[in-house]
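Letters A, B, C and D name the chains as they come in the text, with residue numbers starting at 1 for each one.
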Amino acid sequence: MRTFLGGLAAAGAMAAALLTGAPAPAAAADDTIKVGILHSLSGTMAISETTLKDAMLMLIDEQNKKGGVLGKKLEPVVVDPASNWPLFAEKARELITKDKVAVVFGCWTSVSRKSVLPVFKELNSILFYPVQYEGEESERNVFYTGAAPNQQAIPAVDYLMKEEEVQRWVLAGTDYVYPRTTNKILEAYLKAKGVKDEDIMINYTPFGHSDWQTIVSDIKKFGSAGKKTAVVSTINGDANVPFYKELGNQGVKATDIPVVAFSVGEEELAGIDTAPLVGHLAAWNYFESVETPENKAFIDQWRAFTRNPKRVTNDPMEAHYIGFNMWVKAVEKAGTTDPDKVIDALPGTEQANLTGGVSKMLPNHHITKPVLIGEIRDDGQFDVVSKTDELVAGDAWSDFLPGSKDLEADWVDLKCGNYNAKTKKCGGQGS
Amino acid sequence: MVIGGRTTNALLYLDNVSVTFDGFRALNGLSLSIDHAEMRAIIGPNGAGKTTMMDVITGKTRPNSGEAVFEASHDLTRLDEAAIAELGIGRKFQTPTVFEMHTVEDNILLALKTDRRPFPVLFSRRTPPEKERIDALLERVRLTGHRHRLAGELSHGQKQWLEIGMLLAQEPKLLLVDEPAAGMTDQETADTADLLREIAKTRSVVVVEHDMTFVRDLGVKVTCLHEGSVLAEGSLDAVSSNERVIEVYLGR
Amino acid sequence: MSRYRFLDAAGLIFLGVVLAMAVLVPASNLLLPPDSALHVSDYLVPLLGKYLAFAMLALALDLVWGYCGILSLGHGAFFALGGYAMGMYLMRQIGPRGVYGNPVLPDFMVFLNWQELPWFWLGFDQFWFAALMAILVPGALAFCFGWFAFRSRVTGVYLSIITQAMTFALMLAFFRNDMGFGGNNGLTDFKEILGFSVQAPETRAALFAATAVALALSYLLCRWVVTSKLGKVVVAVRDAESRTRFIGYRVENYKLLVFTLSAMLAGVAGALYVPQVGIINPSEFAPANSIEAVIWVAVGGRGTLLGAALGAFLVNAGKTWFTGVLPDLWLFALGGLFVATTLLIPKGVVGAVTDLLGVRRKSELPAAQSIVAAAKSPAE
Amino acid sequence: MTGQTMRSIRFFGGGRCGALLLLLGLALCALAAPARADALDDALAGFTADKYDDTEKAIAALVAAAPPNGAEILAALGSGRLAYEPESRTVLVRHADGKLSLARTGEPASAEIAGKPLKTVRVNNRIRRAVEAGSGAFALRAPDPAKRAAAARAVFRSREAAALPAIEAALAAETDAGARAALEQARAAIIVSKPDAPEAERIAAVDAVAAAGDQDALAILNSLPAGSPQAVNDAAAAGIAKIERWRSIANLIQNLVYGVSLGSVLLLAAIGLAITFGVMGVINMAHGEMVMIGAYATFLTQNLIRAHAPALDGASLLIAIPVAFLVAGAVGVAIERTVIRFLYGRPLETLLATWGVSLILQQAVRTLFGPSNREVQTPDWLQGSIEILGVSLTLNRIAIVLFALLVFAGLQLLLRRTSLGLQVRAVTQNRRMAGSMGIRTARIDALTFGLGSGVAGVAGVALSQIDNVSPNLGQGYIIDSFLVVVFGGVGNLWGTLVGALSIGVANKLLEPWAGAVLGKIVLLVAIILFIQKKPRGLFALKGRAVEA
């Protein structure tokens, strides 16, 4: 009868331990500014996100060497949301309320961002999101330093039309929101350019799809209709390696059917033998192979920091680089880390990117970026074969989607993320 | 009822039952008839089909061919274990199988003949007549002093008796008892034989047993199985003097 | 020996603690100033609420596994289905406040160019309907699944593997955007529940209290079931299935009843979980989640309802702790915990504590057994 | 020569680069003309302009000039080995061994030039296509008949009218039967689409194209120019019908082949589990991690070999097989000795403990090797594909099918024919009896578990060829593996074989019809229903022994 008392006592002790909180030194909070890092270090997304955690640690380290911000040192707070989307929200809440971080850099997948969004809105904090995404969003508390679809997908398709004279398109993606939106935008865009229905093939596969035999052979078939064919791949993360391996094995060469990918960067290629893939393309806003002094310095710093002379850099890392420096400038401009003031200070902030331009934070909380097209080299790097002359402004709402073409985001004048230019009201399409 | 061209009023009637596992014929045209309030001992070497026969009677195994009829009207080959149990056939396993995590008392309680459907069981409360039944049964299997112990703590012999008690609680018309004397002391064996003889006054009992002393104690008609069919049937003396029985079983 | 009484001392303490939490945690959160030592922060309230929802799931799982011997590796599916039912209600409550401002269609449907609400979304604007579905849908799935599986006498590992296949198939299905449940992103960005903002501390506190009460009620329900005669039959099924069959119980019906009941409880737990964490998406169906739930039960102590709830609480608190303190190494700690639990305390925390107390009691009171037995008899 | 290489030699690059192709066509017509020295200089100068357009024109000029080492220059350009010295605008060929030669003459470059900073001529896909087309032009004159045939086949697919004179010229000179057939088909492909050709000749050409019977032929017949005579259209329609009949059969065969290939991947992934789970009854949730360890062992082996014994590079995958077996086996034995041996007879608890072990192993690998993918190279002999009757088979998939069957056969032999196998079977069937007969059961347990783990490790070698080598590798296979073993029937290796292959084939037959996701869901539901029908799997053990 008293048997379970012990167990309950243990539970009580555990709960008590929890209530008192992690060993967060409350005293230290005054002389440092805490920066939250919310990237998965375990689970399926660790493969991509761990690098970003390291990049953030490096950036914070560098900033501290320069004397920190507002005379205070920056203190990184790393947590592991373990590729578990509800855990992202929980950890975001933990960072903001328990650790009292001034800003959070984090998330990779759209779902993780969607999961933490309500938390950032409720607790009024700041999130920098560094990954290319589907757009269709602009929130006051979030700054999107990755590419919107118009900064990646559309220039890539333009390039293929012009340079490769592609007439037939395979839009292959993983079945989730980013590929769905991107493909929807591309479909509308291609049709506007006169591409017929029968010349577009759309295919979705589940996450982590590993058996690509049928799909690659379908692509081959689709591509043998006599018109130049290209694959636009929004295939995500893990599924890319078996996809490219199958392409290589079935002899789909870049000169026959080029594949342009939006989610394959240096980090992903590090796991593939790229010799059979030479010439396939990727569209990003940054490539490690870009030769600028800023980039060289960044790469050297990164390799020194990770003590790995072969460690590669990639686009989302650059996004964090830009975002972090913008945040530092905005904090210094505002003279405080108070979220409201920093949010107001961020639009208009400029920061040199690593590819030779100066990116600017726009009122819609997206940034201007160059669009680069790279061809895969046999050493796992990219040859930049095209670069936009000017920086492209990130567009939160696509002009090619019926639901969002009338929407605008402007947090400076309109103070609204989904202003309807037709009804002149804030709040989406209206009824 | 007319079966195989003749009328029977036996309690249990097996006719030409065959069971095959992967080409191995466990039962081969077995025919057997048990009367009301009859006790029958079944003997036979390992693999003779004794357990398979019980499996057929209790619905665990479906025969490939043949008939198994209970009370001249129930086709056992079409019913499942629970339905057969409700008809009034109880079975005791070779190794004593009781609910070890339940008390002795609860073991009997669960076996009492009551509504077996889940919802009535969920809402049932023990009634005074049930308590009396349990008391009586515990007395009969000499476990009154152990009623609050977990069945798993009982000795081997006590478990055998508890299982017989559970069988009786079902108020069956036919009891199938598989090696009740296995692993018992001499005294326990004798007591078990007494108990079974007493039970057989009102119910039919089929006992499968290797222990010839025990079978002799029972003093009933004996059926000897071999390779899935009946080799000999009659009094123990008659069967044990049968040459073929000596050859395949006793002699070795 | 106390297992046969509807409520024993430990059960009463458990209920007391849970109900006290239901009152004290919200009170402390809402009434005490944030700098008070006893203040439960806004961060902790939904976190504790999540633990309580998990504890409910663990109770449900313990009912089938601990008492009926059915190791379900797919209970996360029932939990997630309940969560989706609640999520659909919460989506409908967003109304025109979504980013596209469509008054009827959730954002993800607007964005997929859907013109009207699919039929299976009808009715979810009503709370009572969603609540009913949160119970009925998991129940119906469990009933259908169990009806086939138990009648065919799929048992043991085989059953475990096909429950796992079931949740895996559901996960794949819900990942599909074409299914109409929001695909990978699932359902999120909730605004209101029953007209109250889900972000308001008061709503949070109320949700927490509701979860605590639901946990207490589930405990009572499970306790009532396992201490009834049906509970005894179910344990009999677990320990000697064919014996139970041969004394005339239709084992499959018992399993089906318990399995369905358990799935319904899991559904309720899921429905309470979703508004507190603010998102439901297909990864809740991941087989790993279901396995984790099994581990909570094992850590706490299988076949002791209390242990299951306690295990869920302990493991999840540990996870929260480790992912914050040891972000790079926490999987070692968690993995090590599971190995150590099975090797060192096979009966779980509650079992170990029981044994420990039992040993001490025996050494102190040699006649303890008869005293316990004597104390028990009049109660029955 | 593999089908793949044939495909890749593109002649006229699909016929979409008008100006360039015209140039090339002219160049082909002018093949007989002697190479002029200044034309070659002009061509080479184009490579030093560092503009894609100029490079493209330079390729055409080079083909027109047709120097003896033209093919070599193009090959160097295509693989990024063509460089130039910016000051003197000297074009150099960098050889695979690092030596430099002058493109102009083919002579070794002087040390003076070689010492200066060189720039590589940049290449993109457009240039690569031009290189292939140019190589095709050289190939039509190549001494190797296979190369000539391949070049002709490239024309067949591009059906570029401008190439007709060159084809006809080549036909006149062709002596090899195979190359001749290819050239004739190429000629037919052009004539089919040529509006001004005589009707009878076009109909004959339609038949010739239809006889080729592949996807390309179908594309040619499908895209007849508008306004073709009725008779030609009718002949084409008949040809299309004929090809499509064959294609539908070929598609079915192709899907079956894919199914067998997927099935053998499943077999490899599951076969180790068939031992640890099927034979020993350990619900080994860490099985996937054994596969992962095997894949990482492959990665390490390959790197070690590349660093210390480059000569063995081609065989590194073969060497990795025993290494992976031993490493994963050793880990398996360690797990058995430290964890599992305390849990025999408690199968569901092994589930929990091994789940913990799998978390630890994943994190350990993540800590040791980092979270990102590791690159395991595919040796040359496993690259590419062969095409048989329109069904394409990739070499690495064939290798995996054979390898899976080999592992299966080996395991069967081990269990059936060796004393270790006998002891394993004895212990798993009746531990106490085996123990009393003098078998050291503890040792056998450890060895059996090690064997199952080792086989899983070997599967990792194969999977490293088609999947990510990352800490999550094993997670992707664990559910499928359990399903295969349970579907096939626990404790029966043959069941695992048949189960894996039938699941693979069913999956691939469902995929074109239902799509990848729905197909998989349908399959899972089918397996669940199947288990209801046969609760002990495809090859269940029957009789009393099961009940024990």
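Please note the rule applied: contacts are C-beta pairs under 8 Å (C-beta built on N, C-alpha and C of every residue); 3 or more make two chains touch, one makes a residue touch a chain.
For clarity, every value in this text was computed on a predicted model and none was experimentally measured.
Highest inter-chain contact count (C-beta pairs) belongs to A-C. Using mean Cα coordinates as chain centres, the one most removed from subunit D is B. The mean-CA centres of subunit C and subunit D are about 46 angstrom from one another, to the nearest whole unit.
Centre-to-centre, using mean CA coordinates, subunit A is 72 Å away from subunit B. The centroid of the Cα atoms in subunit B and the matching centroid in subunit D are 65 Å apart. The multi-chain contact residues of subunit C, meaning those touching 2 or more other chains, are 172, 175-176, 328, 331. Within subunit B, no positions touching two or more other chains are listed. For subunit A, the set of residues touching two or more other chains reads 41-42, 175, 204, 206. Every residue of subunit C that touches subunit D in the complex is listed here, in rising order: 71, 145, 148-149, 151-158, 160-162, 164-166, 168-169, 172-173, 175-176, 287-288, 291, 294-295, 298, 328-329, 331-332, 334-339, 341-343, 346. Within the complex formed with subunit B, the subunit C residues making contact are 4, 225, 228-230, 232-233, 235-236, 238-240, 242-251, 253-254, 257, 373, 376-377.
Against subunit C, in their complex, subunit B makes its touches with residues 58, 60, 80-82, 85-86, 90-91, 93, 97-102, 106, 109-111, 116-119, 121-126, 148, 166, 170. Across the complex, subunit D is touched by residues 41-44, 46-48, 50-51, 163-165, 175, 204-206, 208-211, 213-215, 217-218, 220-221, 224-226, 228, 238, 241-242, 245-246, 248-251, 253-256, 258, 267-268, 270-273, 276, 279, 281, 375, 377-378, 380, 383, 385 of subunit A.
Remark: subunit A residues 1-8, 10-12, 14-15, 17-19, 22-23, 41-42, 78-82, 84-87, 89-91, 93-94, 97-98, 109-111, 114-115, 117-119, 121-122, 136-137, 175-177, 180-181, 184, 204, 206-207, 401-404, 407, 417-418, 420, 427-431 touch subunit C in the complex.
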